[in-house]
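Each of the next two complexes has chain A plus one more chain, namely chain B in the first and chain C in the second.
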Partner chain A sequence: MKITGLIIAVLTGALLIYATADFPAWGDPASPASTHVSPRYIEKTIEETAVPNMVTSVLADYRGYDTMFETTVIFSAGVACFLLLRIFRREEPEERLYRHVLTGVTIHVKKGGKLPPSDDFERIDTEWTPHDLIIKTMCRLLIPFIQLFALYVIAHGHHSPGGGFQGGVMLGASVIVLAMSQDLRTAVRRLREKVDALLCATGVFIYAGTGALCLLLGADFLNYRALAPLLNVDPIMARSHGIFIVEIGVGIAVMATMIWIYSNVSSSGKYDEGL
Partner chain B sequence: MNIIVTLLLFAGLFFFTGGAVGILRFPDFYSRLHPAGKLDTLGSLLAITALALFNLHHFSIGTLLTSIKIILILVFVFLASPTATHAIVDAGVRAGLAPWVKGEERR
Partner chain C sequence: MSQHYPTLLVTVPLLAAFIISAAGWINKRLCFPFAVATLTVAAYSCVGLLFRVLHEGVVHYRLGGWPPPWGIAYYVDQLNGLVLSVISVSALINLIASKRSIEREFPEKIGPFYTLYVLFVTGMLGITVTGDAFNLYVLLEIGSLTGYALIAMGDKDRAPLASLNYLYMGTIGACFYLLGVGYLYIVTGSLNMVDIASILPGLYQSKAVMTAFIICMVGMWIKMAFFPLHGWLPNAYTFAPSASSSLIAPLMTKVMIYVMIRFILTVFTPKFAFSTLAVSDSVVWLAVIAIVMGAIFALAQRDLKKMLTYIIVAEVGYMVGGAWLGNRAGMTGAILHIVNDALMTLCAFLVVGNIVYKVKGYSFEDLKGLFSKMPFTMGAFVIGALSIIGVPPTCGFFSKWYLISGAIQASHYGFVVALLFSSLVNVVLFFRIIEIGYYEPFGDHHGHDHHPEPMAEAPLSMLVPLFIVAAGLVLVGLYTGDIVNHIIQFVIPKGLL
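Let's look at the complex of A and B:
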């Protein structure tokens, strides 16, 4: 069996390597990829969409369908993780541990016991959970900058490398950093699971909804020209703005999916302390 | 200017090389993190400062802005890298890895 597998792998690999000999030379201007559509995108992007970064215009406008279904794939990945991993049984442990943040004293709360009403306690999961002041403080300091930069990356995708996918990943990473530096409960308290799942769907909905809106306004699906009367600009700027709306949708979907997958994987679907 | 930039770059490369050798040569997890942390802070301090200075060659508001951005990268690396090293050491301690002592075999 192993030998059959090896033979198949080697044969497929050899075929693929053999096929690379037929590739056009790297950067060849006469290759099929750079003779048909590429020159058109390069020459007409500014004229037709008013977006200086032609990668963005190809991604979200000329090939909008592709990107829409990419976003849907990301959404499906999040839903799949949720359906496979999430455990809904709520088994509260016999005894819960809280730490008084100011003094570091650990308090055991027996089942049914109540905590004095105060914000000075944090829930911990084992008695030896160390107090990571350095990591917590640094993350608290860095997270706003990460988020600010993420918003910049989303908004600046028209002019520089960036856009919804990259900015969304950064936004998601900022929340994941919070979940790693404190614990998953803290992060989930900030962004509830339901809200996260809703945001995930909202992102895809914004993208598909923009397309459908174009359809309702009498143009093709995802033809942002049709949005011109709504946005009160000329059709070319409408394409630029349409790309931006779609990028925001992508950003929201990617962010929420990252957080969703992280919380499910890191806590094996139990949504407790996490890693 | 060019001489300063070259000197800084070479000093940065020196520390990077030293750090890389250290990562390979030190005997255990914790001591290997020591050169890794050094390399990330001092090595990148020198190398990135050199890049920021080199960028100021044609002085204008634009290049100054780019240099400030490069220095900002440095600031964030400076904040994040020691914290990351600390977190990794902490994870090692929490997982129960004992530090290496003299006479033991390297691992």
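Let's look at the complex of A and C:
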């Protein structure tokens, strides 16, 4: 079987390499890929969309419909993880661990046992978790800056590399860092599962909803020009603003999905103890 | 609104999927009515679009207002229109029929299940309606990803592994398709199907174009489970929950066959596919092997659902073979069979769904005495079985007729023999089941004190959709002439005789 696989892989590779013989030369300015559709994207993006970064204008406007579905792919991945992993039946664990905050003493509480309500004890994961002051403090310091930078990346996608996907991943990472440096419960307390799931749907809804709004205003789906009267700008600028609106939607969706997938995978769907 | 049908039929389910997902967190009971309303709108748009295409010819739609090839465009002709209508109507029927079993199998996860269900349908509709080769890939991702999740929810022990297998194979298939589109982009500079088709004729001798065609075809064959690339299909469809298997089995493979036909007819012309490449004869022989092996494997099965999955493998062979015969009758048969096979598979899997709902199993053992227990379900099963065998006036007969006459016209007698062989095997397969269901259990009691088992029929909400599909099998059969003369005839280029 291994030999057959090897032969198939080599043959496929050979076919693919064989075909490159008829490719245009490397970096050829006269190749079809650089002469057929790209010149319009390169030369007219400012004129037609008022976005200096042509990658953004191709991604979110000329081929914005594809990007809407790419965002939907991420959304589907989140929903799929939830559907497959999430376990709702909450079984009480055999043993819970609490740490006395002041002394650092760990207390084991057996199933059914209870601790008197007090602020002196904090629940910790059953796997041994040291009281790590350096990591916790550093992450607490870093998280606001990560989030600030993420917002910059989303907002500045029109001018520099960046946009909703990249910024959304950073926003998601900031919450995941919190979950890793503290524990999953802390992160979930900050962003409840339900809120996260609703944000996930809302993000993609903003994108597709913008498209549908254009439709309702009488233009084609996702033709941001139709938004001009609503935004009180000229149709070209409306395209630029339309791109920004959908980038925000992408950012929210990607952030929420990252967190959703992390929480489900790291706690194998139980939402109590993570990595 | 009718000028927006092409986009509505994709974006309405898309938007609704997000709302259903949110509704799942707020009030679970809202999910089902919302999903039904959505798919009704989609089905209405699809059928409306089909009629518009029949009256006005090809419908164009520009997404984002950009002219093709710079933006993404939809082209809807009779072929898309027909396949779109079949997809949306069968997804709607299956949604209604599966309500009870979904509520029973995943009471806590109704919201995400319906979300993925509607997204899967969005993917299938999007693949079919689009006129852009890359947009097709993105929708294929949505259709596949949601499909994997829907399948993995089945049998606790075996479905996740079967789905993982499918995921590996499906990803390889999608990668091959994407690679092929990439090669096409390098040599043509365009992603728009019509635009590529207008640039390609000057490049037919290019090795890159030839390779692109082959890789695209292999990718689609993996996704449609064309023998010997079918390995993922039987387990994935068998262990999936009934609601998923009766959604995915009729649609996924058929949509990929549509994509293959679209690439042969529109992107690469039939001249390139059938004459320049000179592989059509070998592909038809592969199809012959697919049909024979599918039939033999089906014979070896001891449970109903798995047997049906191998019948799908054989049916894929019918359609691939018919399309690659390279003549008008064969192509007509292949396109007609997309419609017929979708309906037949839906009928058969809905029957399995009903049986699982009542008997909680689908092995041959579980089928004993089913004719007295579930007479209506089994009645519909008989109609479905007759159609799969190919008995007139059910629709299966007519597509098989076109396929066989295409094979005779092309003097490809191997394909004729394979079709007849598989029909005979289907007779054996289905009569074996009818025998088990009708005559067993026997021998336990002597004399006349044998009482038939009491009736325990599936609820009406499952029976009525099943009857609609079974009636559809006969109706489509009776109106085959109209479908061919008014729809399929315009799809096939005049040059193809």
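Quick note on the criterion: the second predicted complex is superposed on the first by the 256 of 275 C-alpha atoms of A that agree within 3 Å, B and C clash if a C-alpha of one lies under 4 Å from a C-alpha of the other, contacts with A are read in each partner's own complex, and residues count from 1 in each chain.
Operating definition for what follows: contacts are C-beta pairs under 8 Å (C-beta built on N, C-alpha and C of every residue); 3 or more make two chains touch, one makes a residue touch a chain.
What you see is a predicted model, and the numbers here were worked out from it, not measured in a lab.
Considered on the superposed chain A, chain B and chain C are sterically compatible, since they fit side by side.
Applying the stated contact rule after C-alpha superposition, one finds that A:I135 touches chain B and leaves chain C untouched.
Once chain A of one complex is fitted onto chain A of the other, the partner contacts of A:F145 are limited to chain B, with no touch recorded for chain C. After superposition on the shared chain, chain A has more residues touched by C, the comparison being chain B against chain C. Once chain A of one complex is fitted onto chain A of the other, the partner contacts of A:N223 are limited to chain C, with no touch recorded for chain B.
Chain B and chain C, viewed from the C-alpha centre of chain A in the overlaid structures, lie at an angle of 130 degrees when rounded to the nearest 10.
In the superposed pair of complexes, A:A212 makes contact with chain C only, with no contact to chain B.
Of the two partner chains, chain C is the only one that A:T202 touches; chain B does not reach it.
After overlaying the two complexes on the shared chain, residue contacts for A:L115 are found with neither chain B nor chain C. Of the two partner chains, chain C is the only one touched by A:A21; chain B is not. Superposition on chain A places chain B within reach of chain C only down to 30 Å, the least C-alpha distance between them. Across the complex, chain C is touched by residues 15-16, 18-24, 31-38, 40-41, 61-66, 68-70, 72-73, 75-77, 79-80, 82-84, 86, 88, 194, 197-198, 200-202, 204-205, 208-209, 211-212, 215, 219-225 of chain A. Interface of chain A with chain B (complex): residues 128, 130, 132, 134-135, 138-139, 141-142, 145. Every residue of chain C that touches chain A in the complex is listed here, in rising order: 4, 7, 11, 14-15, 17-19, 21-22, 25, 61-66, 69-72, 108-109, 112-113, 115-116, 119, 122, 126, 134-135, 138-139, 141-142, 145-146, 148-149, 152-153, 160, 179, 183, 185-191, 199, 206-212, 214-215. On the chain B side of its complex with chain A, the touching residues are 76, 79-80, 83, 86-87, 90, 94.
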